[in-house]
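The following pair of complexes shares a single chain, chain A, combined with chain B in the former and chain C in the latter.
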Partner chain A sequence: MSAPLLEARGVDLHFGGVQAAKDVNLQIFPGEFFFIIGQNGAGKSTFLNICTGYLKPQRGEILFQGRPITGLAPRAITRAGIARAFQHPQLFMQRSVRDNLRFAVAAHGTGFWRPWRALDDPHFDAPARRLLQLCDLERVAAQPAAKVAEGFRKLLDVALALALEPTLLLLDEPTSGVSSADKHGIMTTLAQALRKERVTAVFVEHDMEVVRRFADRVGVWANGQILISGPPEAVLDDPHVREFVL
Partner chain B sequence: MRAVRSLLWLAVVGGYAVLPWLAPSLTYQLTIVLALGLAALAVSLMLQAGLISFGHALFYAAGAYAAAYLGRLTGAHVVITLLLSSLSAALLALIAGLLIVRYRGIFFAMLNLALSMVAYTLLLKLYNVTGGSDGLVVSATGVAGYAMGPTGLADLLFYLALAAAVLAAWFVRVYLRSPAGWALGAIQDREIRVEYLGVSARRVLLVAYVLSGGLAGLGGAIAGIAVGHVAPDSAYWTTSAGFVVMAVLGGGGDVFGAFAGAALYEMLSVFAAQYLSSSWELLLGVIIFVIVRFAPSGLWGFYDGLWRRMAAGER
Partner chain C sequence: MTAIAGPLLSATINGVTYGATLFLVAVGLSLIFGVLRVLNVAHGSFYALGAFTAASAWLLISALGWPPLCIYPALVISALVVGVAVGPVVERGLLRWTFGIEAEAARENAQLLATYAIFLMLEDAQKLIWGGQPYYSGSALRLLGITRINGIPYTNYQLLLILVAVLVLIALRILLRGTKMGKFVLAVAEDPEVSSAMGIPVARIYTVAFTVGAILAALGGALASPTIGVNTGIGSEMIVLSFAVVAIAGLGQIEGAAVAALVIGVGHSIAVFFFPALSSVIPYATMLLVLVFKPYGLFAAAQVRRI
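For the complex of A and B:
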């Protein structure tokens, strides 16, 4: 088996009396889609926040490609190759979908600090067009992010992360707030985009149909701990998991 | 339509350039409008990130005091004095900015105000260095070794100020269309996303703050040379508030708004003072109310809206 891309070793974090992460040990391997499931308050999003530098654990460490990244600022972790998509899409709402992506492209590549290179320069526009196509956003490209449906916002949030050409992408409930009719369409688009870009992904997800269909491995969170992890069939059909988590 | 608007702007700049020929007595006032416009542009630049500064008089005063000192050191060479004064203010903005860009909202506004008031007090108290409440004489006699008389110097300063204003407006416009300039609005909208795109919001703001300080300093240096004198009042908080009023009157939608706001403010302060004596602020208050109530995006927003409606009518 190849070396883990991301590794959590004995990670602890508590807020007062609330244990948000308790001795979390986890390995994420290159190319896999790992799904985190569990009830509300189980510590799923907290784990993503620790991995992306938003929260600092009181104990333990996070390694990315074998190097410790514990406690680094979100910006440094992003630069290292870990991007994230948010449960509530963090977009530049008054700007067009296309400009959102051009900015993300500029943020990652060269030319960000050159005042003579406008945001609509082909240097930024060409990669943005590719991302619009990749994430099926072409038809809403000219619209302000505030005016498009939630499903498109979710896709745009992921597209912004993909503009950074990450090695690992952490997605916090990418289908929440989207109608059940649209969920599978969005997940199919996302999964195709991630596979095409060869991005390893960790999802936090509540919809077990989505998990069963798209996960390579599943981890079950409860009270800040990992109860069990493994292939989706084995985990989701486990009687203990069915009784206490699902 | 775009070409017509561009031609109109050329006509406005051209018209402004010939005004001293038509009314030589207005040369001083026209120069001051450009100086204030640069300071309002500086405030307007930070407004792009949703950050309001009640302390930009610090950099305006820094530019004017630097002009007073540099005027002596450079043999009163106007162009070099203006450039170095602007750079001095930018350097001060860099030092202050390292602390200030960590803060947002009311804390940013108040910290700017606090620093400018510290500077005001120092300018008052350090009499041997700053001349205390008497201030300093700002001398400038010519350019490239040629000494000029008062009228020639006033004309030269006006055209230098006009060139500086056009260049500054053009540069800020280009900058705001670049990713680093666009990032200012992005920081106001979603700073967390900016950070998660790997961009340092603080660095983006620091660059804008230094540029902003340099612009305000340039305005201060122009005003200092035009007046021939600089006093601590130039760093007082009411001077900063004036720049904010100009930026709001003009509207932050475009760089020209700052100059329109400065022109309106200066016209009011000069002409209304003749008829309303010391209560011209009353008229200013009414005009601010009217603009905020009926044209919240300022003079520029009102003008831009007219053109948009005309363009929509054409379609």
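For the complex of A and C:
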């Protein structure tokens, strides 16, 4: 097996008396889709926050591509190659889907070089077009983000994260707020885009049908700990998991 | 021309000239508020520093025996030096510490007090460096000659001020709407959190916007210096007038600031000609009138987008 892309070693984090992460040990391997499941308050999003530098653990460390990233600022972690899509997408709601993407492309990596370059310059527009196509957003490209369906906003958020050219993408409930009828379509588009871009992904997800269909491996979180992890069929059909977690 | 029309034309031209300087200062204040949400009380001091530095440059040019026309690039260089020296120091060294205050009211209070403290310190610094006597560099006013309009002479320098203000307005429009940097500034003004999530370097944009605002204030002071006696106290007068302009326009409105500066400039000038006793009241009476009917300023779109 190849070396892990992301590794958590004995990560502990508590807020006062609440244990948000307790001796979390986990390895994520290149190319896989790892799904984190568990009840609300189990510490799923906390783990993503630790991995992306928004929270610093009191003990343990996170390694990315073999290098420790614990305690680095979120921007430094993003530069290292870890991007994040949020449960509630952070978008410029009054601006078009295309403009949102141009902003993300322009902000990535270019710093302040050529600050006079227009936002619709091909330098920014071409990657934005490619991402629109990749995430099946072309038909809503000209519409303001506020006017498109939640599913498109979720896809746009993923496209924005992909604009950062990440190696690993952490997605917090990418199908929450999306109708059941649209969930699988959105997940299919999303999974295809990630596979095409060769991006490894960690999902936090509540919908077990989605997990069963798209996960390579699943980890079950409870009280800040990983109860069990493994292939989806083995984990989701585990009697203990079915009784106490699902 | 009738007995009224002549003075009215003069008052209007003088008012537009005055409004041009006022616009340069007020638009800087507006830019800073639009992006950083900081009501910068020290802005008047940036204006005064620009004026003092330009007056000193004039003295230096005269002492060195350089061609007098050197004063015009020196005015612009003075503004750049002041803005670049003071802007990043105040923003990074002081204001940045206030951005982390969670409660909005506490943050705004801290920023008001901090910028007021800077204002007081810079006022004293001006007295220490330049003393209490006014500086005059009026010769620069006459170097470009005069133009007669309806038989009344106006210095070409006054007309140049109007041109500079128009060029600054156009440049700001092009920079903000047509370039990546400008779009980033607009994005941060719209929503700093989303901007940060997109990877826009919000902290750097804050520094850039504050520095540009400071340069504009200093440019206003530098360009006004040949037309006034440069003395301590000019900063406090200008900041109050700039607040009036920004309040009339609506906070964060750039084109609105141009219109409001014109209204105040021309109103003030007409009052000087026809009702001298009311001249100092006119700007504030105008502001009061506008705010009674339009509490968010004449260009209320400021509620949606700030610059």
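What to note about this one:
Basically, the second predicted complex is superposed on the first by the 241 of 246 C-alpha atoms of A that agree within 3 Å, B and C clash if a C-alpha of one lies under 4 Å from a C-alpha of the other, contacts with A are read in each partner's own complex, and residues count from 1 in each chain.
Note that a contact is a pair of C-beta atoms (placed from the backbone, for glycine too) under 8 Å apart; a residue touches a chain by one contact, two chains touch by 3 or more.
Keep in mind it's a predicted model, so treat the numbers as computed, not measured.
With chain A as the common reference, chain B cannot sit beside chain C without a clash. Once the two complexes are laid over each other on the shared chain, residue contacts for A:211 go to neither chain B nor chain C. By the touch criterion defined above, A:52 reaches chain B but does not reach chain C. Touching more residues of chain A than its counterpart among chain B and chain C is B. After overlaying the two complexes on the shared chain, residue contacts for A:171 are found with neither chain B nor chain C.
With both structures placed on the common chain, the touch criterion links A:160 to chain B and to chain C. In the superposed pair of complexes, A:119 makes contact with chain B and with chain C alike. Common to the chain B and chain C contact sets on chain A are residues 75, 78, 90-92, 94, 103-104, 106-108, 111-112, 114-119, 124, 160, 163-164. Listed in rising order, the residues of chain A touching chain C in the complex are 75, 78, 86, 90-92, 94, 100, 103-104, 106-108, 110-112, 114-119, 121, 124, 160, 163-164. Chain B meets chain A in the complex at residues 171, 174-175, 177-183, 185-186, 189-190, 192-200, 207.
Those residues of chain C whose C-beta lies close enough to touch chain A in the complex are 175, 178-181, 183-184, 187, 190-191, 193-195, 197-201, 204, 304. Considering their complex, residues 52, 73-75, 78-79, 83-84, 90-95, 99, 102-104, 106-108, 111-120, 124, 160-161, 163-164 of chain A touch chain B.
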